[in-house]
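Written out below as C-alpha cells is the structure these notes cover.
Going by the order they are written in, the chains are A, B, C and D; count residues from 1 in each one.
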Amino acid sequence: MEVVDVRPILAPFVSFLCAGLVFGFGRSIFWRRFFTFLAAFIKMALVLSMLPGTLQGVVYVYQFVEFTPGIGIGFRADAYGMFFSLVSSTLWVFTTIYAIGYMQGDRDRVRFFGFFALCVSTTVGVAFAENLLTFFLFYETLTICTYPLVVHAETREALRAGRIYLTYTLIGGGFALVGAVMTLNAAGTLTFAAPGILGLESGVGTLAVIFLCLIIGFGVKAAVMPLHGWLPIAMVAPTPVSALLHAVAVVKVGAFGVTRVIYNVFGVELLQQLGFATPLALLAGFTIVAASTIALTQDHLKRRLAYSTISQLSYIVLGAALLTPLAATAAVLHIANQAFAKITMFFVVGAITRTTGKKYVSEIDGIGARMPWSMAAFTIASLSFVGVPLTAGFITKWYLALGALEADAWWFVLVLIASSLLNAGYFFPILHRAYFRPAKEPWPPLEPGRHFETPKTLLIPIVICAAYVLLLGVTAEVPGMPGSVAQVAVESFFAPRGVGP
Amino acid sequence: MRPWSLLLVLLVALPLVAGVATLPPHDAPDAPIHTQVGALYLERGVAETGMKNMVTAVLLNYRGFDTFIEVVVIFTALAAVLALPKGSAPVPKGSAPVPKGSAPVPKGSAPVGKGSSPTSPSAGAARSREDEERPEVASDVPVSPVVRFVVRLLAPFIAMFAVAMLFRGHITPGGGFQAAAVFAAIFIALGLALGQDRAARLVPVDWRPWLQGVAPLAFALVAWIGWRLTGAFLGYPIHDHTAQEAMGFVLEIGIAVGGGVILARVFLEMET
Amino acid sequence: MQPFGLDLDYVAVVVLFCVGLYMLVAKSNLLKKLLGLNVMETAVFAFIVTAGMVEGGDPPIMVAGTSAPFASPIPHAMVLTGIVVAVSVTAVALALIVQIHAHFGTIEIDELKELP
Amino acid sequence: MTGPWAEALPWVIVLPLVGAALTPAVAVRHPRVAGFWAWGVLLVTAVLASGLVAELLARGPFSYELGGWAASYGIELRFDHFSAWVLPLAVLFVVIVPFSWRYLDHVMPDERRPPFYALLLLNAGGMIGFCVTGDLFNLFVFTEVVSLSSYALVAVGGRGLAAFAALKYLFIGAVSSLLMLFATAQLFVLTGSLNMADVSLGLGEIGSGTAVMVAFAAFAVSFMVKAAMFPVHVWLPDAHAIAPSPVSAVLSGMVVKVGIVGMLRIYQIYFGAEVLELGAFNLALVWLGAVSIVMGAFFAIFQDDIKLMLAYSTISNIGYIVLGLGLASPYAVIGASVHVFNHALIKATLFLAAGSIIHQTGFRTLSDLRGIARTMPQTSAAMAIGAVSIVGLPPTAGFVCKWYIALGAFEANQAPFGFALVFGALFIFIYYIRMLNAFYFQKPVHDEVAQASETPWSMRGPVVLLASLCLILGVLGGIPLNFVEPAVLDLLPFWGQ
C-alpha cells in the first residue's frame, strides 16, 4: 500500500545538508562534530519513524523530479530499503564516535568528516532509490565521495590505491549505466517493481547482456571474485573509512544493487526461466571459498579482514542467486549480521593499531591481557563468522543452508561448511595468539589516569557493536527487530506478479 | 608541387565540378534565379523604393539587414586590428608575476606591469607614450616631389568624385561602400606621400571613436525611425518618397564616412 | 555553351577556386597563402555574379537606356556584401601576419616551425 | 497574433552590435568603463532574450519580417525552439564578463580594453543573430561576424604564438565560410530564393540531384569545421589554449556550437524537402562523433597544460553532441540538444577556474600547480566539480546528457556506439585523477602556489556560480529537457528515420 510521504527524500537530503555544513563550518571542532552527529541522529530518527509503517507493509513514496515522462528521480522506502538504511544509519552513529576518537590530532579532518557524512547520506539515497536511474545516480556519487577518503593519507601508496579504486569502480559504473539504459529501453520503465520489470519479449540475447552489465556494474562494489582487486588495496585508508565504507557502506551498496537487480529488475520467475542465476551462484560460491583461502595467507590484519569481507559479501550474492524465499531471507539478514560483526573487528583492529601500533597478526601475541574488552568483542565477532549458535552469523548460515536445500542445490551446503571451517582457519589463530601466546615484549603500559585499555571513544562503539551481534543472533524473530523487517522485504520479493509490494 | 595538397585540391574539385555541372544553364531567362524573387524586385522596385538602381534598392531596402550586419563585419575588422598587441617591443618585465611556466607555451600574456594604474592617464598621454616606442616611420623609399605634388593636387578632385558617386548611388552604380573605398584610397595615398601624422590629422583624434562607429549607428538610427514610421524594423514608408530618399541618404553617408574612417584607421594601425 | 554537358563558365569558377585552394594549402609563405584565400573568394563571387546574368541582359538600373531582360540584382547585392567580408578577413589576416613578423622576424611556415 | 515581445526579435541582435560600435566612444576617457558597458548591454540582451523565450513558450515558434516585406521578399527572422539557445548563451556571457574585468589586468594594457569588449559584444551579437535568422545569406554574414571576432579574440592575449594560432584558425575558418557561401549560391541558383523555408519548398520540387547533394556536402563540411569535429579539428587546441581564459570559455562553450546549430538549420531545410535519404549521412555523423569522443579524450590525457587539455576535451564533447544527432532517435537528439547548453556551462566553469589559477600563480602545467587546493579552495572545488561533470558522473549536469544519448543509442539499437559513448568519456577521467591528485593530495612545489591567494570576488563569483549551476542542473536536469522535447519530437519525422 503506497503512501506519498516526504520522509524518504528528507533522510538523504538532510544528511547532504549537514555534510555541506560540516564543510562550511568545519574549521571549529565543536561545530564539525555537532553537524556530523546532527546528521546521524536526524537520519536515524526519520528512518525509525517510518519503521512501524513498514512493518505493516506501508511503502512511503516521493517523486522528486521528472526529467522526461517516465524518467526521473524518485524515492521509495520499501521494506528492503528500510532494512538497509536502518543498518547503515545505526552504524553511522557508532562509526562517527569511533572516527572522532581515532582521528584525534590527524590533519585535514574537515575534508575527512565532510566526505564521510556525504558518503553515508548517499548510502541512504541508494537504499531509498525508487528506480534504477536514482539508484545509479547515488551509486556513482558514492564512488566520487569515497575517493578522497581512500586517498586521505596522501602517501604515494594511498594515491595508487585511489587510482586503482577509481578505475575499478568507474568501469563498473560504466557497465551499470549501460545496463540501466538497456533496461529502460527493453522494459520501458526503470521503477523497481516487486516481481521485476523485464519480460521475455525483449529477447534472451538482450536480457543476457543486461544481466551481465548490471551484475558486473554492481558486482565491482560487491567485490565478487574477478572484480574484487580494489578492496584489499583500498585498506590503506584510515580504519574508520575501512570500517564503515569497506565493511558497510560501499560494499553493501554493491550487494544491495545485485539483490535489487535479481529481485526487482529481473524478478524471480524470469530468472528461473532464463537460468542466469545459477552461474552467478557458482561464481559467488567460488568467491566464498577462494577469498577465505587467500585470507589464510594474509599476515596484515586489515587485509585479512578485507578478504574475509569479500567472502562474506558473496554470501549475500549467493543467497540472492538461489532464488528461494529462505535463501533470500539469509541474504537480507546477512547484510546486517556481516555489517555488525565486521565493523566490530575493524574497530578492534583500529584500536590495536592506535594504542599499540601493531598491524600484523604475528605481532599481536598476548594482546588479550593488554586489551581484554576489545579482544572479547573480537572473539564474539569471530564466533559469529564461524556460525556458532546464539550469534548473528549462525542465523544467516542456517537460513542459507535451508535455502540451498529448498533450491535443491545441496552442494552449496558443502560450500557453507567449507567456508565456516576456513573462517575458523583464519580467525582462531588470531584469538590463539591473543590469549594463549605470551607477549613477545611487554605491552606499553596504560597511560596514567585511564582505567580502560583504549580511549573511551574507541571502546564504546566496539562493545555496542559486539552486543548487537549477540542481540541479532538471539532476537531474529522478534517483531521490531531487523529480522522482522527482513521478513516483510522477502514477502514483497516473492509476491506473485501484478500484486503491489 | 606538393602531392598531398594536390590530392586535397582534387578531392575538393571533383564534387564541386559535379555539383556545378548539373546546375541549370545560367543564361537561360527562365532559370529560377530570374523568375523568382529577382523578377519581383525588377517589376515593383522603382515603385516601392523610389530608387532607380535596383542593386542599391536591394542593398538598402529589401535586404537592408544584410548590409547592416555587413557594416558590423567591417567594424569587427577594425576592432580586431585595434585589439591586437602593438609593436615588436619584447615582453616588458612588468612587476606582475613573471611567467615561469615550464611548458613551451609562454603564459600567453604580455603582462604590462602595474605601472598602468587603473585610472590610466587620459588618451593623449597614453598616445604620447606609444609614440616614443614608434619612431617616425616615413616610407623607406623617399617620395619624389613629383608624386607628392600630384597627390596633393588630385586629392580634392578624387574627393569630389567620391562624393558624386555617393549621392548618385540611387541612380547609377555607386553608393556608400564605393565612396568609402575611395575616401580610404585618398587617405592612404596622402599618408604614403606626405607622411603619417599629416594624414592622421585628416581624421581628428578625439573624433575617431565616434566616426568609427558611425555606420552601424546610422543603420540603427534609420532602423529605429523606420520602426517608428512603419512599425517594422528598418521599414521604409512605401508611399512617402521623400522619407525614403532621406533615410537612404543617411544610410549612404553613414556607410561612406564610417567605412572610410575604418579603413583609414586600419591602415594607420598597420603602419605601427 | 554546353560542350559535353558542362557549363564552362561555372567550371572556370571551380578551377579558379581550386587554384586558390592549392595556393592556400601548398605555399609556405603566409602572405601567399592569404593571396590564395583572396583568389578563392573572387572565384565564389564570380560564380554568384555569373549565375545572376541573363542572355543579353542590361544592368538592373531603371533609367532611359536600359531595356527588358535585366540581370538579377540580388547576386550583385550579395557580392558587394561578400567583398566587404573578404576585405575584413584580409585586414585581420594581415594584422596577424604583421604581428607574427614582428615577433618571429619571418613569415615562412618552415622557419616558424623550427622556432621554440 | 504575436505578443509584444515578438517586436523585440531584431533588437536582441542589434543591441549587442550597436553596443559594440559605441564601446570605443563610451570608454574613451576611462578604458576600464568598457567592461561595465559591455556587461550592461549583455544584461539588457539577456532580458530581451528571456522575453523572447517566454513568447516562444506561450505561442510557439514565431517569425519577424524585416523592413515589413513578406517572408521570401525580404529577410525573415525566425525564432524557434533551437534559437532558444540564445537565452542561455546571453546568460553565460553575463556571467563570464565580470570575470574578465580583473583577469585582463595581466593580459593587456588598459587602452586595448575597449576594442576587446567590442569584439566580445560582436561575438555575442553574431551568435544571437546566427541562431535567429531565417535567411541563408544572412546566416553566412552572421557566421562571418562570429568567426572574425573569434579569430581576433584568440590573438588578443599573446604575442607571436597567439597570432600564429589565430592565423591558422582564420585560414581554416575562412575556407569553411567560403564553402558555405558557395553552397548558399548553389541553392540560390537552384531555387531562386534565399529564405530557408522557400529554399526547402523549392528543393522539394526539384527533387534530389547531384547539385543538391554537393550543396548539402559543402554545408556539412563547413559546419563540421566550425564545430571542430574530428577530421577538421586541428585548429581548435592551439587557438583555445592560447586565448585568454574568458575568451576560451566563450570559444569552447558557444562559438563551437555555432557549427551544431548550423547543422540543425541545414537538417531543417533538407529534411523539410525530403530530398535526401539520410541514413548514410547519419551513420557518418555517428562514426565521426564516436571517433571525436575517443580521439579528443585520448589526446587530452597526454597534455600537461590545463587549458590545452580542456581544449581537447571540447572536441570530445562535440563528439557527444554529433553522435546524439547522428543517432536520430528521440532520446539521443534530446540529449544532444541539452548537451549543447550543459557543455557550454561546464566548459565555462572549467576554463574560468583554470584562468583564475593561472592568473594567481602564473603556472599552467599540472606538475607546477601541485597543492593549489590548499590556498585556492573554492576555485579548486569548482575545477573538481567541472571535472566530474565533464566526464558525465551522476550528480552533475554532464551525466543527464550522457544518460539520454546512451539511451538514444540503445533505442536506435546501435549498441556498440552506446558502449563507445559510455566508456569513451571515462578515458578522460584518467587526466582528471592526475589533476585532482595534483591539486588536493600533493605538496606545493613553487612558492607562488603555496602563497597564492584566492581570486577577488569579481572573478570568484562567476566561477562559484557556474560550479553550483553544474550541480543544480545535475539534479534538476528536467527543466532544459522538457523544454527541448517538443522541438525535437516535431523535428524528428524529418530526421530520415
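Odds and ends about this structure:
Basically, a contact is a pair of C-beta atoms (placed from the backbone, for glycine too) under 8 Å apart; a residue touches a chain by one contact, two chains touch by 3 or more.
Nothing here was measured: the structure is a model prediction, and the numbers come from that model.
Centrality by C-alpha centroid: the chain sitting nearest the overall protein C-alpha mean is D.
For the pairs B-D and B-C, the count of C-beta pairs in contact is higher at B-D. Greatest Cα centroid separation from subunit B: this falls to A. Rounded to a whole number, the gap between the C-alpha centres of subunit A and subunit B is 71 angstrom. One finds 28 Å separating the Cα centroids of subunit B and subunit D. Between subunit B and subunit C, the centres computed from C-alpha atoms are 17 Å apart.
With each centre defined as the average position of its C-alpha atoms, the distance from subunit A to subunit D rounds to 44 Å. Touching of two or more other chains is recorded for residues 137, 141, 144, 148, 151-152, 155, 159, 161, 163, 182, 188-189, 194 of subunit D.
Those residues of subunit A in touch with two or more other chains do not exist in this structure.
Each of residues 16, 20-21, 23, 26, 31, 33-34, 37-38, 63, 66, 70, 73, 76-78, 80-81, 84-85 in subunit B touches at least two other chains.
A list of each chain pair in contact follows: A-D, B-C, B-D, C-D. Across the interface of their complex, subunit A is touched by residues 331, 334, 388, 393-395, 399-400, 402-403, 406-407, 409-411, 415, 418-419, 422-423, 426, 429, 433, 436-437, 440-442, 475-478, 481-482, 485 of subunit D.
Remark: subunit C residues 17, 21, 24, 30, 33, 37, 40-41, 44, 47-48, 51, 74-75, 78, 81-82, 85, 88-89, 92-93, 96-97, 99-100, 102-104, 112 touch subunit D in the complex.
On the subunit A side of its complex with subunit D, the touching residues are 65-68, 72-73, 133, 136-141, 143-144, 147-148, 151, 154, 158-159, 162-163, 166, 170-171, 173-174, 177-178, 181-182, 184-185, 209. Subunit B makes touch with subunit C in their complex at residues 1-2, 5-6, 8-10, 12-13, 16-17, 20-21, 23, 25-29, 31, 33-34, 37-39, 41-42, 45-46, 52-55, 57-59, 63, 66-67, 70-71, 73-74, 76-78, 80-81, 84-85, 87-88, 104, 171-173, 177, 263, 266, 269-270. By the touch criterion stated above, subunit C contacts subunit B in their complex at residues 2, 5-7, 9-11, 13-15, 17-18, 21-22, 25-26, 47, 50-55, 59-63, 69-70, 72-78, 80-81, 83-85, 87-89, 91-92, 94-96, 98-99, 102-103, 116.
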